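For reference, chains read A, B, C and D in written order, and residue numbers begin at 1 within each chain.
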Amino acid sequence: MVQQARSATDIGVPDPEGIYREMLRLRHFEEKAYELFLDGHVNGTMHLGVGQEAVAAGAAATLRPDDCTLGTYRGHNHVIARGAALDASFGELFGREIGLCKGKGGSMHLTSVEHGHYGSYAIVGAHLPIACGTAWSAKLRGADSVTLCFFGDGTTNIGAFHEALNLAAVWKLPVVFICENNLYMEFTPIGEVTAVPRPAADRASAYGLKPIVIDGNDVEVVYAGIAEAVDRARRGEGPSLIEALTYRHKGHSRTDPARYRPEGELEDWMTRDPITRFVQRLQEAGWNASDLERIEREVIEEVGAAAERALASPPPPESELFTDVYCAGETSWRS
Amino acid sequence: MAQLMYRQAVAAAIAQEIERDPTVMLIGEDVGAGGGVFKATEGLFERFGPSRIWDTPISEQAIIGTAMGAAMTGIRPVAEIMFSDFLATCWDGIANEIAKMRYMTGGQVCMPLVIRCANGGGVHFGAQHSQAVENWAMAVPGLKVVAPSTPADVKGLLAAAIRDDDPVVFFEQKELYAQTGEVPEDEYVLPLGQANVLREGADLTLVALAGTVKTALETAERLAADVGQEAEVIDLRCLVPLDVQTVKISLAKTGRLVIVEENPRPLGWGAELTSILVEEAFDSLDAPIIRVTTEPIPLPSSPTLERLARPGVERTLEAIRRL
Amino acid sequence: MVQQARSATDIGVPDPEGIYREMLRLRHFEEKAYELFLDGHVNGTMHLGVGQEAVAAGAAATLRPDDCTLGTYRGHNHVIARGAALDASFGELFGREIGLCKGKGGSMHLTSVEHGHYGSYAIVGAHLPIACGTAWSAKLRGADSVTLCFFGDGTTNIGAFHEALNLAAVWKLPVVFICENNLYMEFTPIGEVTAVPRPAADRASAYGLKPIVIDGNDVEVVYAGIAEAVDRARRGEGPSLIEALTYRHKGHSRTDPARYRPEGELEDWMTRDPITRFVQRLQEAGWNASDLERIEREVIEEVGAAAERALASPPPPESELFTDVYCAGETSWRS
Amino acid sequence: MAQLMYRQAVAAAIAQEIERDPTVMLIGEDVGAGGGVFKATEGLFERFGPSRIWDTPISEQAIIGTAMGAAMTGIRPVAEIMFSDFLATCWDGIANEIAKMRYMTGGQVCMPLVIRCANGGGVHFGAQHSQAVENWAMAVPGLKVVAPSTPADVKGLLAAAIRDDDPVVFFEQKELYAQTGEVPEDEYVLPLGQANVLREGADLTLVALAGTVKTALETAERLAADVGQEAEVIDLRCLVPLDVQTVKISLAKTGRLVIVEENPRPLGWGAELTSILVEEAFDSLDAPIIRVTTEPIPLPSSPTLERLARPGVERTLEAIRRL
């Protein structure tokens, strides 16, 4: 069931301005990254989350600093929403010293443990069992922190999904699995390769879980839905599986023109753009347009300045090649 | 002859075999309507339709298992595992089932299937999309292992792999997908297990595979220009069957051998080749066999670091100086 | 829902004597194998299917010779029910030349392609995707043959299960997945490690399939349930997932004393022994006890003679070491 | 000192570390109440209970992923993958995630975990339960690889592996589980990466690991008795870190070296060792380095064939004759 946003006057998130600003930061980060990709500054590949900002921003707003998140190669939104610096995030895309991972990870592996973000994973499904582990760890350490694990609709068909969901349920782990159903796995409509209409929610009962479908483009709905699951997890009542319906405005990766989309689909979803919708909500609730525009200008400036700083950063020093393989600090495969 | 890109040669080989043999099927993620993420199967779906080209969910274990079950019962599947790194997600099917079934059953089944994947670095995709793992496959008895370096070899060897009655893991070099070369337009099949001597020389032997063939050839040119030494360059083309004979003949002539391999140390394929040559051609060795490999680290995504990590001309020249 | 057997007079299998004889062959094969294991004739390990005969015998009776079956390390029942010779089956356990696989496979890998049995697999879950392949192959070849895939309750928690079920459903493959729920994965009660009470049936809806639970110790119920699924598959209506409730009388493997069982459990299930029950049914239907006993004596003799022949067979010749790796006939890893 | 079986030494090491460090946890299939299928964890559940000993479903990917997530966040998990063959079912987690995460994140995480598994043949379990796959793990940069040959080494090296901040794949030799030996009763920890010279000799060097150590020692005795040659026997104990130095010192003395390894050819660990020695100690070599390995085939279950396939004393003696 797609839930509807709450009443028009009170905005259903704790810090509406903060959420608005966050969604804008995600959006403008991605737009800037795309521009710089076309200019040849981004190495390798890149998967943008434009259009999916409400999930990352709404989810992050439900968390404490000691909570854990894990995401995918389409993961810029999630690490930034947890608090990672924009310049370090850009820097990682550009393979620079300033990068979150010193340039060793790249666009698909943005990680900021400092902010509780335990990695972006580029092999589909791999991080779902890992999320069980961070959640299990909290339980073992007697901490009441919660793990949020983001993944796509296509990920629900891989074996690791099944193993992780079952173990989380059996061990009642404090983890919330959030499927961002953006209709496509790469170029293939998810319905063509999935035995059920709702790739995540229709599997929930296989793990004794409630099916939960939310409007992933309504940040208030996202916040409410995930907050409830996070609370449950924090109370020790076990995992949840949430399917958030959303859409990526860009292609799958790099410069994919997304020709596989039926005509009108993008346009249709653009009318449900999560930022536009939230702006409408804020305005209905009495925020004035000029304030909102000012915030957006501030964000654009912040993002631009961060990109500049990242571009000004040098590549990692050659000495970095052999560090971080083993804890001893070099490639100590021989003694 | 036609000028084809390496990736177009993949499609050409599959098309040739699909037309020739009604049991050949292509199966994988986005190999159909999408044309493959590397465009290596572009045009096949339009040409042969969904009865021959099968798009799957993201289910590598299911892809590999399905290919295996079909291969045992009269089909010749060509299964794509998009990146060779992902072989790890279905390694049980490959290493424990496909490779062993014929032996375990006392020869009751054949396993005529091909597992294609994009292998190797150089495109800054980071540690989980850049590995060269042909050594993983070579280490499993029961598999054949092919890794072509040119568009023509892609066509000839992929056709041969499809016709072969044993399971073949076919490593396509990611970095080379856009490289062009002459490819025979007519039916074209090469034998598996025949190395290719790409350059003759009497002073030393350079052994390479797939992406490092270019490195070896460039090194040989530099060497000739700089110090007047003539290197023989051998493209192994297959790791299983391994054409030891061609390498031995060259070594007997040159007495000195350097291996350029993209597998990271330890245990790249050059280690086995070295060991075989030491056991069987010890007296031919005028100098140690040196291996130039990817460094023993996960591959970094930053181009600056990635370049340092992979075997290149400079590191190969330096190795030659150590002979 | 556990279905009940049909009315007392007409036996719900096409060839009651054949089924009876088959179940006895399975039972006595296993008992003899156990005896010879204790005498040191069986190499390595061994997993007996004593108590689970109704599933294998009932299932096999629904099949045509061109149908495919795949099973597990607990797979003696299944290959024999398809028609594999008893002496060759014993021979494989003993590692002899006469063995189904020339002694190269062993107890866990009994295979008889000649009888449509495409292997016993010893890595949990591995064969479910392979069963998709034999089913896909039939479809591709325009054959209307069906694949049956047997596995245990514990297997439902591994990733390969999920991938196979989804693909089978999406491609509407002619395959019937049969979960023999014998309550345990090795030493652990299945309920302790599974998020739902019915490990297979409660997952069916995740693949758009009907939940089907049958009494796996009633061979008539097994026959009827599987025949229906096989017919569906043959008609091109896609896969089924059947959970057959059964019990293994012996331990997990070798000489496991099965101390983890609650007291009285085995005794309770012994009262529902599939052979005893079928004997009762036959007697109720008018068969006389002396005929049934005579058949059993014949089977015991048949099994004993087969074991003798297997024991008399030599070990495989040394020349077999290198054959069957590659089709060319030797270990052609070097050219 | 206590007389313990190899498998009891596993439990002893885990018990020692669980008592010492509240973050050490054991996780795996039937490791708890069941005591492990090899009885290697027997008694731990009774002693430490379900808060330290965690039974899982048959979900190898979940076991490995869970261990990884926990290791990144302050826990030291010891994960059991019952048979080393099954590493293939969770190879992505091991080779692509655990091995690379530290590097990919620029050192933001540590990965202090151990993956234990029963490795090797000799018990007639057939091709899917008998493989020696320590070479698979050695080929992945980022992993450490340990394979002890005695109960005492099991205790000392497993303790070290648990205390190590890097991920360690710990191969227990199936065939040795019931073998007994002296094991220190007090706290006992050995360093990783130190080979053990088990027998001194000046005529040749035998290098072995885990199950082949016994073969090497027996071969040395036979050699001394039969032809009066004295072989030095080195137990590597670890493949990563690899103690090349100890081997080089021995080779410098003996000039001749034979490797006895259970990995099948091609690409067993001996290949890398050979390659390193050829590159770095070429002048020490008075003869080719010969490798005695499992044959390049899936392992047959029939004892007659299995015995022929695996490296034994006879084949090692024969190799020595070829030096």
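Quick note on the criterion: contacts are C-beta pairs under 8 Å (C-beta built on N, C-alpha and C of every residue); 3 or more make two chains touch, one makes a residue touch a chain.
Just so we're clear, the structure is a prediction, and the values are computed from it rather than from any experiment.
Engineer: Would you kindly say which chain has the C-alpha centre located farthest from the C-alpha centre of chain B?
Structural biologist: Greatest centre separation from chain B goes to chain C.
Engineer: Quick check: more C-beta contact pairs in C-D or A-D?
Structural biologist: Pair with the higher count of C-beta contacts: A-D.
Engineer: Whole-Å distance, chain C centre to chain D centre, using C-alpha means?
Structural biologist: 36
Engineer: In angstrom, rounded to a whole number, how far apart do the mean CA points of chain A and chain C lie?
Structural biologist: The separation of the two C-alpha centroids amounts to 45 Å.
Engineer: Using Cα averages as centroids, what's the distance between chain B and chain C in whole Å?
Structural biologist: Roughly 40 Å, centre to centre.
Engineer: Which residue numbers or ranges of chain D touch two or more of the other chains?
Structural biologist: 56-57, 59-61, 85-86, 88-89, 92, 96, 103-104, 126-128, 141-142, 240, 242, 265-266, 295-298, 300
Engineer: Pull out every residue in chain C that's touching 2 or more other chains.
Structural biologist: Within chain C, residues 99, 103-105, 109, 121, 123, 126, 157-160, 163, 166, 170, 192-194, 320, 325, 331, 333 contact more than one other chain.
Engineer: Under the definition above, what is the set of chain A residues touching chain C in their complex?
Structural biologist: So the residues of chain A touching chain C come out as 157-163, 165-166, 169-170, 192-196, 202-203, 205-209.
Engineer: Okay, in this complex, where on chain D does chain B touch?
Structural biologist: 85-86, 88-89, 91-92, 94-96, 99-100, 103-104, 126-128, 135-136, 138-139, 141-142, 239-240, 242, 263-272, 274-275, 278-280, 282, 287-291, 295-298, 300
Engineer: Enumerate the contact residues on chain B facing chain C in the complex.
Structural biologist: 23, 25, 51, 56-57, 59-75, 77, 92-93, 96-97, 101-110, 141-142, 144, 165-166, 192-194, 238, 240-245, 276
Engineer: Residue numbers of chain C touching chain D in their complex, please.
Structural biologist: 43-45, 95-96, 99, 103-109, 121-126, 154-155, 157-160, 185-188, 192-194, 260, 315-316, 318, 320-322, 325, 331, 333
Engineer: Which of the residues in chain D end up touching chain C in this complex?
Structural biologist: Counting only chain D, the residues touching chain C are 29-30, 33-34, 37, 55-61, 85-86, 88-89, 123-129, 265-266, 295-298, 300-305, 308-309.
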